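Next up is a structure, given as structure tokens.
Chain lettering (A, B, C and D) follows the sequence in which the chains are written, and residue indices restart at 1 in each chain.
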Amino acid sequence: MENARFRPLEYVFWACTLLPFLVTPSYLSLASQVAVTALFALSLDLILGYAGIVSLGHAAFFGMGAYTAGLIAKHYWTEPLSGLLVAAVSAGVLGYLLSHIVVRFRHLALIMLTMGFGLLLAEAANSASALTGGADGLQGFHVPGVLGFKFDMFGRAAYAYALAVLFLCFLVARRIIHSPFGLALRGIRENATRMPAIGAPTLAHLRKAYTIAAVIAGIAGAVLTHTTSTVSLETLSFGRSADVLVILILGGAGRLYGGIIGAIIYMVARDQFSGVNPQYWYFWIGLLLVAVVMFLPNGILGGLRALRKKPQ
Amino acid sequence: MALELPKGARYALIGPNGAGKTTLINLLTGMLAADSGTILLDGADITSLKPYQRVHRGLARTFQINTLFPRLTALESVTLAVLERDGHAHNWWRGLAAHRQAIDEAAGILRSLNIPDRETAELAYGQQRLLEIALALATRPRVLLLDEPGAGVPRDESAALFSAIESLSGELTILFIEHDMNVVFRFASRIIVMVGGRILLEGSPDEVGRDPRVREVYLGGHARAA
Amino acid sequence: MLSSLAGVLFDGFAYGMLLFLLSVGLSVTLGMMNFVNLAHCSFAMVGAYATFSLVGRHGWPFLATLPMAFIAAAVISVILERTLYRRLYRASDLDQCLFTIGIVFISIAVYAWFYTTEQQSVQVPDWLKGAQHVGAMSFANYRIFLVVIGLAITAALVLLVERTRFGAQVRAAVDNQRMARGLGIDVDRAFMFTFALGGGLAGLGGALSIQMVGLDPTFALAYLVYVLIVVAVGGLGSIGGSFAAAVVLGISDMAGKYYFPWLGAFLIYLVMVALLMWRPQGLFGKR
Amino acid sequence: MLRTSFVLAAALSAFSVNAQQTVKIGMPLELSGQFADTANQMLNGAKTYMKEHGDTVAGKKIEIITKDVGGPAPDVAKRLSQELVVRDNVDILAGFALTPNAMAAGDVSAEAKKFMVVMNAATSAVITKSPYMIRTSVTLPQVMETFGTWAATKGGIKQSYTMVTDYGPGHDSEAAFQSAFKAAGGTIVGSVRFPVANPDFSAFVQRAKDISPESIFIFIPGGAQPAALGKAFAERGIDLKKTKVLGSGETTAEAALKSMGDNALGIITAWHYDYMSKVPLNQKFVKEYQSVANGRNPDFFSIGGYDGMHAIYEALKKTKGNTDAQALVDAAKGLKWESPRGPMMIDPETRDVVQNVYIRRVEKVAGELVNVPFDTIPMVKDPAGERRKTQK
């Protein structure tokens, strides 16, 4: 049985997430967006890494959360924590509805259907510009801060907020992974044919996992909305779905920390490469991906684990 | 075709390759949809039930080719089956460790079949065949369908395997597919012979052994060779 | 109105031919080796920029550049296959995705470096401009040309696959790679040639598409979605499937936009979702 | 927390020492992805101005720091603007090809009190996001309402069918053209919107043809689409002598004309800049630009960047190098100058661009396709901005 207790390395890791406050205070805005992306990747990991659902349309839930949070701030109130809850619920409802279709499929059809629904939603948001602001982005709202802390240019409150939400969601995800339900998800990933033969309602499990992942993705989107006071179609775009998939695979799927490590490495690398070379940084990111697959197969965490095992 | 399995029976299902033995198991367990006909379990119609629902009614199976969870440990695999049986696998909030009973029960099943708790992919082949059975047993079946449990197991190990099967509760109805006639005649109380998708004959080992049609279609080769 | 529709449907068919050329290679290599090559459109871009360079900078006639577009893309794809891709055949699908997306990023940056990010176009001969008018119907010359090339290549591919030894090997490898190896077929070599052919056809498709959709370094990503849609709807490893899917998507997209323009952006995705829910393995797919 | 503020304070004081020698201009641009070319052209426009006028103004050295936003991503644009202010200590924010990015950066400009120059983003309301912002490009209502009025009056057109891309700027252009055209007595006989990602326009053009309207109004973003649309017109057999095609400058931009060929003859467009303009100032600009941009010709993104730098230089001259946002924006208000595009001004009230709108027709001049201007509406203010004024 996998041990559900926190390992020493995990304490060290989470302690390190506080370092940006002290060491790189001018990078806190970046850090907050890394935390949001990490949370988004974590939600994808729940379905991809643990239940084997490859999705190229996960931004649908991220964007749903982002727009819900934005619309609430614009039309009703700007207190973020309650907005976060509503955003989570709306993304979860969307996830639950789509799950009835999505989980019936596997392989390429699954990937393409998730992509198709994602693109349809993005197009719908573009068309409904009266509601969403269309290509100009949702305008006319400002989230001043959370619990009395102001979301300012330096990004202290933004990072604290994003990090706190990431950590809480991580605890929930970790709890799920180490629960009977988490074991069932791993069972589905390992062998979907066997599961019904041991009495497992596979589709019900997958629907539930998909809904939970949608909720967390929606929370990530809402945090982005709150910390930046912007929402745009980009939150729903194919590009964001593809990016988060790349980030999760880069970090290593099915390892809980893979999405977080992937988000840190991808976004910091992107920031540094594009700082040095704003026009051609794609080249270096491409090289990074190629090198990781060559030297650290199964993502950075997977590769490192294999390297550590080898000498023994 | 009509087929009835009385409680506690040890049935062997034999027939040449392509006779439809595995297909029969897939139909009974619902993994293939039946075009027509009914399947009753203890008098209740389970024809329209989904595969996992049939398992909950007490109909379990194993697979001819290992269909296991390679990167779960043996204990995790069997615990999962126990949890699914009791409906605890929906629980996503309490830790696994809180389900002590399920883990203990799974460990008991592994002990009884002499399966070490290692990652499934690292188990020896024979142990993996036993794990197939352990997974099915963990669902507490009333009827157990074993699809060539001894497939690929060396002869000396297969005897141990079938001894383990034989020692299972007498309440349990077992139907197994097997090609090794020694094993079939030693362990089965009844034998069903399938040919070309139909049941040719059902009877006691003696009756089947004597039947000329069986000798013709199935044992023919052996008879001539002998 | 009926004559307008005929014209629109013809245009959709021609558009479908372009989609077919761009995607058939990916369908076959995915079906054959289970290799997820998201960089397929980068090969199309290689062909497109080859044609652009030869026409625009070296003054070649457009038609003469088309074989060169094929060859350039085929050569690049074989070099990549021999040096890098073959190491990844045993890697997981996810690793293959990550690797080939890396190749896409690199190709975008490299082409932006050499050709800038400018939107490029090519000069085609005068006889490919304008349109033929039959009664009230009009058929653009370039689209007629696309349809002719598309049909000719489909016929050639079908003959190649159905009638030649190479084709038989490819079919065997797509059906069951292990069995094909058992029969003594050199699957690696068959795959290399298939890969070159698929890459070359993508290159040709890329070259032909400049006149329709323009060319800039983001081509490698912009058309990936459409190519994946054709491959998934057609079914893996099926030339006929890719052809049918490309034609169905091209025509339904065009006819849909004509009758229901307000649905324009949704059409191709709606059609894809409907077809995949009906046949998850694709129109002609076996798995 | 105490230490954090200390570090920040140290960083900020370092900046004020530094500021005595250089003025840093932070440009978060869309340098990769779909809009990479737009951003590159804009950046080259700014660089051309610096090449012509030197990199020192009012005793200060001008330094540009670019960042890549990667596309329409306001969250990234906002973060990069914040980082430019906090980490790189820039004095001025500039660039912004896309409206959502400009809107997001506007918040930073307002909060950090930084002078901001929008060099493209053309949605009218962008300018309201920060009191320290000016715009040197164009606004959609400025061109499209003007065009609508012109078409129904001087243009003598009675009917029009509108075709626009189905996204924010398309919707704005559609509304601006339709309302002005109707107000001036014209009739809209129908309308259609294209999807943003639309490789083939055949079906839409056929719809327009079925109605055979007197004129067709088009708004379509630059890139590959104008050429594809132009070809669809030719292929579907729309006779430009019978049906007048009206569009924005993107419709007949350089690349579009090149790939449309003679099909483009007769298209009428309203726009504020064309690189083929024979004005000497422009010819000098084009030559200089080509040497900066490896032979590329400038487009309206380039001129936005070029005039944006001009506004920054002139404002700095007026403030004698003071980079205080209020001082700079006050200096920029009412600036008037002769640009390669013609005379232009920063509206002292709205801080928005005031300029000529040229009505041009595609003609063949010495074997080359050229947008030939044949009418000018002088010094047009942003009509949407004027309406906002009266609302207040």
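Just so it is clear, a residue touches a chain if its C-beta (ideal position, glycine included) is under 8 Å from a C-beta of that chain, and two chains touch if they have at least 3 such contacts.
Everything numeric in this text was worked out from a predicted model, so none of it was measured.
Peer 1: Which chain is in the middle, if each chain's centre is the mean of its C-alpha atoms?
Peer 2: Taking the mean of all protein C-alpha atoms as reference, the closest chain is A.
Peer 1: Measuring between mean CA coordinates, which chain is farthest from chain D?
Peer 2: B
Peer 1: For chain A and chain C, let me know how many angstrom lie between their CA-based centres, rounded off.
Peer 2: The computed centroid separation for chain A versus chain C comes out at 32 Å.
Peer 1: Could you grab the centroid distance between chain B and chain C? Build each centroid from C-alpha atoms only and quote it in angstrom.
Peer 2: Taking the mean C-alpha position of each chain, the two centres sit 48 Å apart.
Peer 1: In whole angstrom, how far does the Cα centroid of chain A sit from the Cα centroid of chain B?
Peer 2: Centre-to-centre distance between chain A and chain B: 42 Å.
Peer 1: Distance between chain B and chain D based on Cα centroids, please, to the nearest Å.
Peer 2: The mean C-alpha positions of chain B and chain D differ by 73 Å.
Peer 1: Send over the residues of chain A in touch with two or more other chains.
Peer 2: Answer for chain A, listing residues that touch two or more other chains: 123, 126-127, 279, 281-282.
Peer 1: Which residues belonging to chain C are in contact with no fewer than two other chains?
Peer 2: 112, 265
Peer 1: Going through chain D residue by residue, note those that touch at least 2 other chains and give them in order.
Peer 2: In chain D, residues 32, 36, 40, 166, 195-196 touch at least two other chains, as defined above.
Peer 1: Building nodes from the protein chains and edges from chain pairs that touch, which of line, ring, star, complete or other describes the result?
Peer 2: other
Peer 1: Going by the touch definition at the top, which pairs of chains touch each other?
Peer 2: Inter-chain contacts occur between A-B, A-C, A-D, C-D.
Peer 1: For chain A, which residues are in contact with chain B within the complex?
Peer 2: Of all residues in chain A, those touching chain B are 1-2, 4, 175-176, 178-184, 186-187, 190-191, 193-202, 204-205, 208, 212.
Peer 1: Can you tell me which positions in chain A touch chain D when the two form their complex?
Peer 2: Touching chain D from chain A are residues 21-22, 25-27, 29-30, 33, 123, 126-127, 129, 133-137, 139, 142, 152-156, 224, 228-235, 239, 274-275, 278-279, 281-282.
Peer 1: Could you please specify the touching residues of chain D with respect to chain C in the complex?
Peer 2: That would be residues 32-34, 36-37, 40, 166, 192-200, 202-204, 206-207, 209-210, 222-225, 227-228, 231, 234-237, 255, 258-259, 261, 263, 294, 296 of chain D.
Peer 1: Report the residues of chain D in contact with chain A in the complex, numbered from low to high.
Peer 2: Residues 1, 3-4, 7-8, 11, 29, 31-32, 36, 40, 66-68, 70-76, 78-79, 82-83, 85-87, 99-100, 103-104, 107-108, 111-112, 123, 125, 166-169, 171, 195-196 of chain D touch chain A in their complex.
Peer 1: Under the stated contact criterion, what part of chain B meets chain A in this complex?
Peer 2: 29, 31, 50-52, 55-56, 60-61, 63, 67-73, 75-77, 79-81, 83-85, 88-97, 99, 102-103, 135-136, 138-139
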